[in-house]
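Take a look at the structures below.
Paired with chain B in one complex and with chain C in the other, chain A is shared by the two complexes that follow.
Right after this comes the complex of A and B.
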């Protein structure tokens, strides 16, 4: 796919920042809080990470019919995800190619097209410019409508999840996900009916850097037993499981994506305190085993979490999927959804939706615990001296497992910062690379 | 001077489809096949500038591709905002093989609806 086809002007790569190795050294397992606070770094991230990587934009179930759309953002770029007449999906920049006005103000709906409020340019659901107010006068200036439609991003999907990228030179989505797709199947493919989002999108803001949230899900179960202890006691009447006691527990990563997991089937789900959900998982596990094998069938609602680089995360069991939308270096807008198996009984779906509201939403007890920590992890870095001090990311250094059949870069145990190191390494590699071709392949080499 | 204009072959349009027929004298014409019945109207939307042939035909209504105003293609009635001025219709003449419009006459449905 070339940029011409999607009519996107490529942005010229700005030179890499000079001091990245000082700020982030994953060989040594240390970094500085400056990367959570600095405006220049943030601008580089928008360009070299969010304008480049495959970003989650929608679940196919959100836009079943032609003309269905949702509004979201890719980094800070506002986009519309629109179902086409031929059932394909387009991702269009939600900015008018005349003076840049926002074209669609609704968050979701069904439309025949989009009309700009400013001078009345009218676009089809495919983004093509179909007419303008006073269209006759454009003819005198040899106006070519076909060149002035809404700009498009590249789109691909994986088992219901729709991703888009602005980079013509990005690898395919399949290459980008690599062996992590094998783990995603635990959620996306444990049932023949596939998945859907239950209910709408919950939006909230947290005053933290997006990386802290993404990293928390990529491989920080360590915080849960401590941070969430009181919430777990309130929800469950007891403590969160002692993760260090799990006999089977891993951290795996690839290209900066990471999944940390146990095989206890219901560990995450249990904090919702809904016996119907636990029962559903127990009944579903044998069916999942037929599709995915016994190993992955025990991961369904287990103590686990993952992040697909850069900012799409998921908690199995609680079944919350989220995007940490960057809004400046020290703020995120959190978009949260609940994913369920399409074939699950309606009351189980409802319980999951409510359970997510109680735990991981602006009214959720767990979200509050996390939000406070993440805000202060960010804000302490406003101190000019504090900002440059080392932060330790060395837990589990040299615990890579060689003798395993599991796909990806596999590390021992979940209480391990290997996935965080892989995440920040990939982050730095992208910030240094002038183009996708220059991003080094570190799979197999990380410690 | 004849007022008869060739629109298409009888088997050219499948039911539910439509096409634009350029015409310099009376302006472009749009011909529709509604479940086997042919209808013809002006192709230019009465609201602003748009070719109705690029719009969506559904249940006898043509939706303008630009601002989604709608007309009943049988009577030419403007039924959905921002279209307020009715659409010119033409009487259809079907022969063995071909479909014509008489551009001097309105469609019978339009006359019956008293919109012309």
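Right after this comes the complex of A and C.
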């Protein structure tokens, strides 16, 4: 799959920032707001996290036919995700190798190729340079078209989700996901038909650091009962379920990814207030049990959330998938999609599309309170003194479960900051590591 | 693109439709949520599709009914949204968001059936929060107003903004 790869010029690795251990000490369960505000740290993140990790770029259902494409970004790098004639998928940098202009200005569509508006360089959907306006004049310069195609990223998919990375030395996607794939299957593989995205993508901007949003989904259900009290009362006429009352729940992480979950089947979905969705989940649970076993079948729409490191998050039940696109240290673009089982009845799919809109979207009654919190978690770090004060990340320290069959690093309960600590630890490890080979394996040691 | 045949209605009817829209803006700016809900028909469909940045030749167009939306609401949904604003625990609304809704370009035409009006208008919504938050959204609306037992009610609203990405964190008002 990696032929043609990689015409990407490697970027020169910049030395790790000093003092990262002072700014982020997960052994002690504390960090500093500087990591949400500092421009130098952000530049390092673009290089050592977003140019390195496997990033979510598309769901296969968004580009079913040859020539179908969507435009998105990997970090701040603009890319096109394009279905090829042989049904494979390529991820191409959306920048002409002549003067760097964008070659595609639409967010999605179907194309036979991409032609740069500036000097008429024309590329196939595979990224190969096919021709140029006034092509004859290039002959004297010994111009070799084969050397001037659109640059490609490495691509791989997992059960419908397409990921890409710019790093030649990155582990395989399967290795990158590791044991978290077992949990992703709750959503991606609970039904024989697999999943699809609803049409469209809702985009908004939040003036917050990307890590605050990613961390919120990696393992912070703690905020829900307080932050979202108004939304829960609006949707259900009562308070959010008291998570501390759940007999069993878990926080699980691995290499910075995290999933926090209960096994109440419909806890997240219930806030949509759509009986058809609750009914669907109850009907789906026994089918899911046949595919995934009884344990995971109770997670389908349960009180839960996850983030795949660094910035791809999901809420089971509300069925929203989103990417927190970094746009500077204190701004993100939020891309929101809705995922459904392909074989679900159309009425149920429509209810999920509207339900995600009502709850977790810029008009959603839940997200309104999140956005406000995240912006001010970021903006207070503008204060030079405030920026250096400790932030507490110690909840659930030393609650690791030893006697469990569950994959990954397993911690007791959802009301636990173990996943947040694992997220920031991995973040710091990547910022310190000169290459993928230098990233330490801390699984098994995290507290 | 050509516009459909549009039949003007009487000055009196035109004036009533304009008054409806201007009063609605004042209700929203003053957070008169219950009075605002009372301007809606039981059968209201309040729709603000997500805007898609597609090429001219793309038959899917700029928006579609089957795709994701910012509002795609019936009365039950709109009541739920109002219900959140009314909660003492709506933390992000205290101190309140301050709103101005400017309404202009009002055109009133006969609807498809007797007692209905097709009303076009433009809006500029300016919101401010805290000291330095300032958000401006402008767009076009296409409404169907219906004369019901208690007077004019909003039966349908389609809201189109030019933005394919909101340059703000939320839309915590109605447009």
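We adopt the following convention: the second predicted complex is superposed on the first by the 443 of 447 C-alpha atoms of A that agree within 3 Å, B and C clash if a C-alpha of one lies under 4 Å from a C-alpha of the other, contacts with A are read in each partner's own complex, and residues count from 1 in each chain.
Here is the rule we use: a residue touches a chain if its C-beta (ideal position, glycine included) is under 8 Å from a C-beta of that chain, and two chains touch if they have at least 3 such contacts.
Just so you know, these numbers come straight off a predicted model, no measurement behind them.
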item: Partners on chain A (chain B, chain C) - clash or fit; value: fit
item: Touched partner set for A:207, first chain B, second chain C, both or neither; value: second
item: Touching partner for A:135 - first (chain B), second (chain C), both, neither; value: first
item: Chain B versus chain C as contact partner of A:179, first or second or both or neither; value: neither
item: Which superposed partner A:407 touches (first chain B, second chain C, both, neither); value: neither
item: Contacts of A:225 with chain B and chain C, given as first, second, both or neither; value: neither
item: Which superposed partner A:67 touches (first chain B, second chain C, both, neither); value: neither
item: Touching partner for A:122 - first (chain B), second (chain C), both, neither; value: first
item: Contacts of A:194 with chain B and chain C, given as first, second, both or neither; value: neither
item: Dominant toucher of chain A (residue count), chain B or chain C; value: C
item: Lowest C-alpha to C-alpha distance for chain C against chain B (Å); value: 13
item: Shared chain A contacts, counted only where both chain B and chain C touch the same residue; value: none
item: Chain A to chain B touching residues, read off their complex; value: 112-113, 115, 122, 124, 130-131, 133-136
item: Residue numbers on chain C that touch chain A, as the complex places them; value: 48, 50, 52-55, 58, 60, 64, 66-73, 77, 80-81, 83-84, 87-92, 164-172
item: Chain B to chain A touching residues, read off their complex; value: 48-50, 54, 56, 63, 65-68
item: Contacting residues of chain A [partner chain C, same complex]; value: 105-110, 198-207, 227, 229-231, 233-235, 273, 333, 336-338, 353-354, 356-358, 361-363, 365, 367-369, 371-373, 375
